[in-house]
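These notes open a run of structures that come right after.
You will see chain A twice below: alongside chain B first, and alongside chain C after that.
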Partner chain A sequence: MSSIGTGYDLSVTTFSPDGRVFQVEYAGKAVDNSGTVVGIKCKDGIVLGVEKLVTSKMILKGSNRRVHSVHRNTGLAVAGLAADGRQIVARAKSEAANYEKVYGEPMPVKELADRVASYVHLCTLYWWLRPFGCGVILGGYDRDGPQLYMIEPSGLSYKYFGAALGKGRQAAKTEIEKLKLSELTCREGIVEVAKIIYGVHDEAKDKAFELELSWVCDESNRQHEKVPDDLVEQAKAAAQAALEEMDAD
Partner chain B sequence: MWNLFFSLVLSASYGSTLRYKSVERIKAVGKHSLIGASGEFSDFQEILRYLDELTLSDHMWDDGNSLGPKEVHSYLTRVMYNRRNKFDPLWNSLVLGGVKKGPKGEEKYLGMVNMIGTHFEENHIATGFGNHLAIPILRAEWCEDMTFEEAVKLVEKCLLVLLYRDRSSINKFQIAKITTEGATIYPPYSLKTHWGFAAFENPSKGAVGSW
Partner chain C sequence: MEGCSVPIRKTRVYTDHLRENLRTIVIFTRPGQVATSASCSFLRGRPPLASRVSPVASRQSPLAAAPLGFSATDMDAALMGSSSVAMGDIPTTGEHRMGTTIVGVCYDGGVVLAADSRTSTGMYVANRASDKITQLTDNVYVCRSGSAADTQVISDYVRYFLHQHTIQLAQPATVKVTANLIRLLAYQNKNMLQAGMIVGGWDKYEGGQIFSVPLGGTILRQPFAIGGSGSSYLYGLLDHEWKEGMSQEEAEKFVVKVVSLAIARDGASGGVVRTVTINADGVSRKFYPGDKLPLWHEEIEPQNSLLDILAAGNPEPMVQ
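Now for the complex of A and B:
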């Protein structure tokens, strides 16, 4: 489903008659075609999960990191053009380091989300810059507890309980809504995220994928880190079991 | 069990006045190292900030690797030497030590770098007056396979000499230890001193013009 923006879609500095900026919407298409990224806010932290589509058998397992640490207590999961995502992560790291240098305390997640959103939005204002072709899910744990933000290529940023980007986002969002997030711990959350990602993965269209999970919670000492391998294996096993159950029906 | 350790006096000066008496001049750096400094304390605070940035970006790579003492020492040497070349030195003598698993097993490292960028690696390091008073003792009595307790005794012997002879030291010390398990910085403590010598009684007896 695509609307033809004949003539009004050539530049990011042109509005269409019905008030849309088509270039920004097209940037969103790049995000919609990428592997699913899911983030949920549990009662004691945040879990971020990415469905990393493996495009070639030659790629080494564990390469192509999609979830990055931006500071000790914050992580960023990227959907869309990976190279654009690297730029956003670099900028977020620099903002967070600078904030701590000036104010002496780690950057609040809300402030970081604001800065990232401003930066993404900046690139939609000038004709000589193209918008970022990636959406970002930012999760962190600061004095106000765990927080989850999602920033879209338009620069729009909202705070969420659960967010999803990429191919399977509709299905993922439906699954997330079924969860009782305020009662889930991050340990349980990991399993749920794994189930969602395994569930929305389209076996027919895309072959192999790698699951990347990270969390920031009380159990990880409020530090953002990759989920320990043993927990990832448990989550994968549970997710595959759930898939088989579904297929059996 | 490989370990390394540091000890220092808990003071920071204001010129020749010993102004601050509870200043901890040892900090852990990353997972594998300890840094101790003498000299200008504000410059040390700046160095700690540089090291913080360094360890943060090292941490964020999240690739299973982390900077060891040798790497941190090398980094600090570059910083100190380049500042000296700009005629704007960081006025410190830094001691860096740590333990990290290398290809040959657990590798201990102890080195120092000073404000002009001179740097080296040794089994025993001292700064300031320690170079003159403590190093001879350490050279005579240090050996490769000391236990922690023996090492503490040796270091306390050096600290005592320094306490008696260095006018800018106070009786408040701190010991820190680094092993493969991590860094431990012990709380401050004092050494027992003996001042009951006959010559110290009636100190103003032979002094001309004292009242």
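Now for the complex of A and C:
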């Protein structure tokens, strides 16, 4: 779907004759070039996983986090330009804190997703701002249960059972669709997400990557947190085993 | 929170002294208006004594709403006008207060809010059938005590915010959110307000809840709450008689009994008892006129004349 919008793609405030805003679509391309981000909604919570491509051997393991907590019960995984993502995370944190200060209760996930989407969309309306070059998967567990939202650089926000962004999103989505999410617990979900990310990782093009996993579920007391290390290791082992099986076929 | 000061000659000295956050003291034209060093008892947070009532009619809203209206000439007229009350006049002027009894109780399935109906201006009962239980949203009501104007304005603001919040959330607001909005206004403007409120309602997450927001702006969730001047007489009764998990009829009868005791003992409470019951099925209002209220033991049957009382027993005949 690559089309050149010659002349109509110089400014985010210009429509093309066929009704597209090219700058926003180009922002989407930045997201498509980043490491895969996967989010699934299991029956008791949300699992977020990121294929964090490691560009240099000098980088400390665990730095450059791509999954952030924006509130006690909500997490955000970023795909695309990392610096843009930091801005969105900061805004989401501030929205959530402010909501709780005024209304006295934790911000509902739906409301937070709305606010983040409005903010991202805002930056597609003015010529002096450029759109965010990142997409975001927002997962949270509030009094209406676990919910998963994906917000694209255009400001589009939908609620999902499973969502994926980045290089391997097509393959990831196919894999997610095979899962029976309504019967999966988060413990099992972690393993599935790890398998998906290992599966879509392209060994040839990108060398090393780190798997970042986070969850918010009944087991974590409805708090958003990093998946405990032992579970991550188990998930990695299972994922690698599954890969070898596939290779063996 | 900013207040703004309108320079008023006589009262300025007192208010500036006592409070750096200057209040707008504004005087409506009313016959017999009294401008005294009213602020003293007022600012200490007690309901003003009948003889020293502050003629406050409008305040600078912390949320930058326009002042409710005043006229400079009225101020002068009032100041020049009547002198201090300490001359034997019956105090019948000043701000509308609700010396009041308000009660909120949770029962199994919802909440019942109850209040008396007396609004007094000094010793004059300005409204003997007022409705102190105000709707904030479909499922949350608030009982108001203290300054009538203050609580009305707070209720109006909160209703406005809640309306927007409900639209944004696309579902009814929770009781906790409502109580928090009331509390933020009460706390951030504590120097300017005298409002004791009890917020009660029902939502689908936590069921029936009662939140007490007294003077000063504390917020406290309680299984039952009482407020207003008449509540002093109720602490003992409630401590003794309160039961968890009453049925709806039990709870309604209970609050009526409780409020009628306060009406019997507190001069600033009176009139009828109004109740509002809120539960999953909705809201229902009930009204108990004076003759339907339970009597307390110290209330006696009407007598025709003193002689009847005396003749009741068997007195010794007076022997000449």
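Note that the second predicted complex is superposed on the first by the 248 of 249 C-alpha atoms of A that agree within 3 Å, B and C clash if a C-alpha of one lies under 4 Å from a C-alpha of the other, contacts with A are read in each partner's own complex, and residues count from 1 in each chain.
By definition in this document, contacts are C-beta pairs under 8 Å (C-beta built on N, C-alpha and C of every residue); 3 or more make two chains touch, one makes a residue touch a chain.
None of the values given here were measured: they were computed from a predicted structure.
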First, second, both or neither for A:105, with chain B first and chain C second: second
Which of chain B and chain C A:143 touches, first, second, both or neither: second
Contacts of A:126 with chain B and chain C, given as first, second, both or neither: neither
Which superposed partner A:71 touches (first chain B, second chain C, both, neither): first
Which superposed partner A:97 touches (first chain B, second chain C, both, neither): first
Common interface positions of chain A, toward chain B and toward chain C: none
For the chain A and chain B complex, residues of the former touching the latter: 65, 68-72, 93, 97, 101, 225-226
Complex interface listing, chain A residues touching chain C: 102-105, 108, 110-111, 143
Touching residues on chain C, where the partner in the complex is chain A: 165, 168-169, 174, 176-177, 179-181, 183-184, 205, 219
Chain B residues touching chain A - in the complex, by the definition given at the top: 49, 53, 56-57, 59-60, 62
